[in-house]
């Protein structure tokens, strides 16, 4: 890797990326939207909360898949659209995936979705309840019809996140094996697939770190962002405090061809729950990034994150500053 | 049961029921008082918190039994009176029950009381510390002298709630067997007694439900409300989130003669902790109903509930709407 | 209580009580049968194990109710007969209780039965699976037809043991409230009933003791034996070792009219698992008494106990020696 | 499936299958070798214990892969040969797998191996320590050189068992997802692979059953045995007793083309730990089958099983009797 | 002890003690600063939070040692100075202790410091990560150079608090033995040392109390304050609520010469988390006193306490009132 | 350290050391006595079990301190004498330590004693119940009168073992900090004292090792044996199996002047529970060494160890072979 080159995002330009400049009194590398929470818990009639959701540019505007827990506290995935990335229209009813095999189609719950454009399809992955949590996989070509594929892994697994292109000619996914409850441990692994159905070549990527904001478990967040310096992985880490958990956000740079090799990884967190909508809600003290929009022209990055498992927030950074921060504060 | 008949409450009219109309922007079947919390944590000098309490019409006004934890964090039951149901005068000292048998009279703690008029007595039940939590039973005829009876059950039990009339010629009580700690499980059972001393004919009523707001435990709330369609049981359910518990409120309709048979039971919650006084306090994220006033003329229902184990809130609904909601959203 | 009087058993003479004299080299107050285990695990074709069972004199011979776990490891109660108390014929099929109410009749499991003659009936109590373990109650008059009554208590409860006569004009039962698993705690309580259906007047009898063989939990064993000095209660106590539990046997003398008052209670155990059939089996290190035969003429006592949750053993003592031991070694 | 046809094993004849006739006093469908334990814990100088191992016919005699924990209590896989299936010569040093990728080749531990002939290779699967237990896969063609392939699954997984032929044109494996400790839960799943590297099409096969010998977890044992009636799966199930676990052996018949469909499954166990070498050892009360030899001519089956995680035992049955038993005692 | 004498603090006058009079509407014995939190979580660029810290008069102004967790969530001790006790300048980098022995000098973490003037040195104690939490000891003479001494105790220990003078000619320390996690138990013990290196003569001081604000664990807070009536010990106690812990503040009076003898101990708490900055933060519901300034002339006491493990608060009382309260509300 | 020199024990000759030659068919470095268990569980009338005990040469014969749990399962220390080290006479009553300070003299329990001659005194250390387990210290000069000193450490601690001479002019002790239950973790630490009262200079010696016989906890066994090559420390290690714990014996060589530095440490165990009296008893699968006799002339070592927390065994080795084994099998 040529360290002399300036970092740049290998993606499309996105001139309409949602954006607010950093407030003058803010010194941190990531800053929150003044409009937070941009999606309130009751945006749609059926919802108890809307959070841990993912958006993507679509036809010059934006589309997204949203975790909306209803007032029965069932965890469902809903579709939504937005002109500007701030104001969202979300369907009141969850997505119904089309699937031939009834054995897997009637999944018990679906939550924490991610979405990525790969070839000509928009792939969606989520935590899917099939005899325990595992990684559900589906796709849509038009955000009208969604097709469900096979679950990627055996239970118990969460936070399955696809890479936005094939690596070594194969589909690639990060995930976090866990257990059948609210797992108090968790490492990130890498797996490959020739066909989006069968997965193998599992490699260990990242473990929690003692005495840190990421001491209990870690899990991939948004789709990794390709740069000329490596894959930018924004992820969450969890600390067990004297009275519960704290979910924060960090980042790492992964090797482009061997993404299980970590080039840099932030020792400090990028953002921790400090705003009242992050500290209070159905799950206190949670900042949980699931999606990022990027503009390759300006290097701007807009991160959508769940706050307190209740609402959705938006935060900003730019690739130069973030990369600088990651490098300078790497473990 | 004749489904053609309109539902109505089989009780007295209560023209002075505390009431506020539903705010125009509110769409939920239950709405909160604008004066919440109607009882602050420090209403009386000795108290750390006042919550999970029960009120009843009394001599044209209102009387009540209140859980007031003092600043030693001892759990005690206090007496209170109110002219309007909003402003309460609560004794600074706890009730001293009159009891001949010293073996049971010196109970270690008393909390989460309910009160019901049955025949000519006002019966009080509460969680009573006798070698573990069990159901204490007492009565008063004048809210001056309170007499303690035998504990209804063996430990470990909580949330003992009497029916407001005999069923099949016997007293009837709901309760939630538990264990000796902060039990992470709990079903509602029904029991009968010929004499308010000996209890038997135990029947299972309701269990928690996986993947729901009531997935960890359930417990009866206010005294069941008799209607021509069945007993209206407002109850609490608990969900284990990724970072602690969430206590919400739901409702069911029980068969009039066999109250262990559930006719309807809400799949969504009726109300979950969303206001700051429900989300923050000695026990975060708790909405815990213990009492309801009803007016048979108008069908109005005013629900008193503990918030965050710290203060007392008030919420409203009407029997028509609530019944409709329960039926339409039943499991 | 007149301490001058010699202790004697208030019961019938039982000249054919199973008996073996104490071996000359044995010094302990209780000694084992040389024929142990008197009932092997596979006495009947269907059984995985036969243990924690109860016998009673019947028509000049003996009858009994036996816990026989089948090879599916379902816990069932079987009937058996014996001429001499040593050799038993046990039905290969479990008892089918006659019960009108299907709500309680299809119990999930039945184990650890006791049997007592009360008035003209042989009452059987057992641990009964009804939404958790509770105390099943039934009776037979002829060991042909067994009738099931209401469960005595709400779950969770185990080791329900009836007294052999009414006390203060009411039926009386000891039991051990517990939780929904293999409870690592447990005290003995006393309850009364006017009709064998409704139970109340619950009193605490006995708790575990720190740093002792009975430090984890205690539970009543055989039907209490009435003497002129009080009720002789043989019970089990459990210690948590550095590697699992140890179930031993002890005894107490309870007040005749207020059986929740302990007059004496053994500080040492009477018998602990030391023989290989007590140390090895489906549950290692278990001695669990469930029944005792007594002969009022000689003061002989023959104790049937489960060993390692696998087989049934027999041990002997005499009332004089045992009472002396209990008094001299009381807490 | 034509139920009229007699069951027969679809495999080779094995006239030299180890065999002892059923003792005349034995009535159970499976009977133990009189020579048990056929492999003692200290057969080789380095070993603390030899158990949970797998054998296969090889060049007219027998070869095997053995779990031999050394006296450091490291879990290793050793190679062994036998002329008769009773007397084994096991290498004192563990197998060194040949593997190009150092990332996975230095596995922390390898235990509970199975071996199967598939095409022209002898595939070995085992529990492999790669950031947690997962399923290691390797093969040999000559029992001289062993080659390691990719781990089949992400952690945490144990008891990976290959089918002896492709199903629906793909390799097929059973496994038991678990967690990072001595998992107290566990279901059996089915997965497919086109290339023995990438796995998908995961299907749930079997869960534990409440109130049974298989109430805590279940895991596949020997390579499934193909018959004209379905796949015969011998498996282990675990019960949590009042004082530890009990590992027993059961069996099921799986659909030939959809092996995740259970046709029959034994309600009783086939064999539970009852012999002293099964009840006592490094892990008390364990019977753990890992391998079976079959003779299609006679229908004889010889099952190798680990006893108490310490020694290796041998037990026998015949396909007719076993199938009859499974059918007659199915859930 | 002569109870006739008025209580007075045996210390220096501190005319510039930070102070605000009690608000007229406040009735409690301790009242909060209107400026709370006086130290925000981000006072210094590196910090995530600043709390559980200790201050001391120094050269007519104030110096302090502060727990500042950085944004990596490493727990470090920083130095700070203040002119008035309200506004603090805290070093952005942690203190580097000078220590010859590398075995103990590279401690993994340092948190919850206390500071006391003893002879001519300012001793600092803290929770120090040396193969588990233990009590680190160091000193400074000038708040420039800090020297690390031996750890006082073996792990696992927290909340080591020195007395401000020798007792019986030896240094004296309170501490709370614990375990290697977020210990859910904890008593206060007393120990002595002739040389600040070797410690012995361990005495039990105080245990938690059932059914109280201090039911789970207790730990010493500020340096004990010497009075003519005994040592005033302000401490924290923890209650386990239905949804997490609550850390409150209480006080006790210890015997002057035998400080392990408790003369008085508050049954109610002095202060519990009720303000939003105490209820919300990295650890909800925490009030944790670590330091107190006193003025012997006026009897004023200013208590610095950590709030929600996030910020630092200040509260006031006076010795007369506090002593009166403690006496009148003693257990 | 001169590795050329042959190892020899720096101690007295002990020509009457108990001894049996290694059986010809035994290949392990340590071999058991043919007379095992040399002390049965019921050697004295009061005892339930006698184990984890320590002996020492005394006046040409042998004396010892024995853990004898009585039939109340209280843990007590008894005195004993033997002419030959095989046959012991143990007092039926426990030692009564003379102690002026009633605060510490009435200890709740005393177990797992060690004894060492240091200067002119025989020091005894044991696990002492003072508000949790800690290290009791006492001494005798004549095995008639035993004097109790201060507890060495704060709770929670077990397995305190003194060195047989001062190191760096101070008394030295190994111990294993733990928690208040049957701790499932534990490292060995070293501490120093100038006066046998105050202890400090704590150093970490040894932690458990993953995937080994010593993976859960480790604790010092007999008094370290001084040799010209270092201190020979025989210790126990614990593994958590799939069904309980296994306690085995290992050894290490510690640096003579800095005993917290490990020169060698056995990767394999020296001896694990394999005999029936080690596998079965009150605590299955325990080999627990507490004492060793040595003869400097022959290099013989006789190790006394508790078996299954029930009886006492004896095993032999010689210093040359053992040292060779430790060196050749070191981690």
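By written order: A, B, C, D, E and F. Residues from 1 in each chain.
We adopt the following convention: a contact is a pair of C-beta atoms (placed from the backbone, for glycine too) under 8 Å apart; a residue touches a chain by one contact, two chains touch by 3 or more.
Predicted model, so just to flag it, every value in this text is computed and none were measured.
K.L.:
Following contacts chain by chain, what is the lowest number of steps it takes to reach chain E starting at chain C?
P.N.:
Minimum number of steps from chain C to chain E: 2.
K.L.:
Shared touching chains for chain A and chain E?
P.N.:
Under the touch definition, chain A and chain E have B as mutual neighbours.
K.L.:
Is it true that over half of the residue numbers where chain A touches chain B are used by both copies, so same, or is it different?
P.N.:
different
K.L.:
Does E-F or C-F have more contacting C-beta pairs?
P.N.:
When the contacts at E-F and C-F are counted, E-F has more.
K.L.:
Using the average of all C-alpha atoms in each chain as its centre, how far is it in Å between chain A and chain C?
P.N.:
60
K.L.:
Using mean C-alpha positions as chain centres, tell me how far chain D is from chain F in Å, no decimals.
P.N.:
Roughly 42 Å separates the two chain centres.
K.L.:
Return the residues of chain C touching two or more other chains; collapse runs of consecutive numbers into ranges.
P.N.:
In chain C, 244, 280, 284-285 touch at least two other chains.
K.L.:
Classify the inter-chain contact topology: is it line, ring, star, complete, or other?
P.N.:
Topology of touching chains reads as other, fitting no named class.
K.L.:
Name the touching chain pairs, would you?
P.N.:
Applying the touch rule to all chain pairs gives A-B, A-D, A-E, B-C, B-E, C-D, C-F, D-F, E-F.
K.L.:
Spell out the residues on chain F that touch chain C in their complex, using ranges where they run on.
P.N.:
41, 45, 48, 70-75, 108-109, 129, 182, 244-245, 280-286, 309
K.L.:
Mind pulling up the chain E residues that touch chain B in the complex?
P.N.:
Chain E reaches chain B through residues 27, 211-213, 215, 239-244, 246, 267-269, 272, 274, 276, 279-280, 284-285.
K.L.:
Enumerate the contact residues on chain A facing chain D in the complex.
P.N.:
103, 130-132, 134, 150-157, 175, 177-180, 183, 185, 187, 189, 191-195, 197-204, 207
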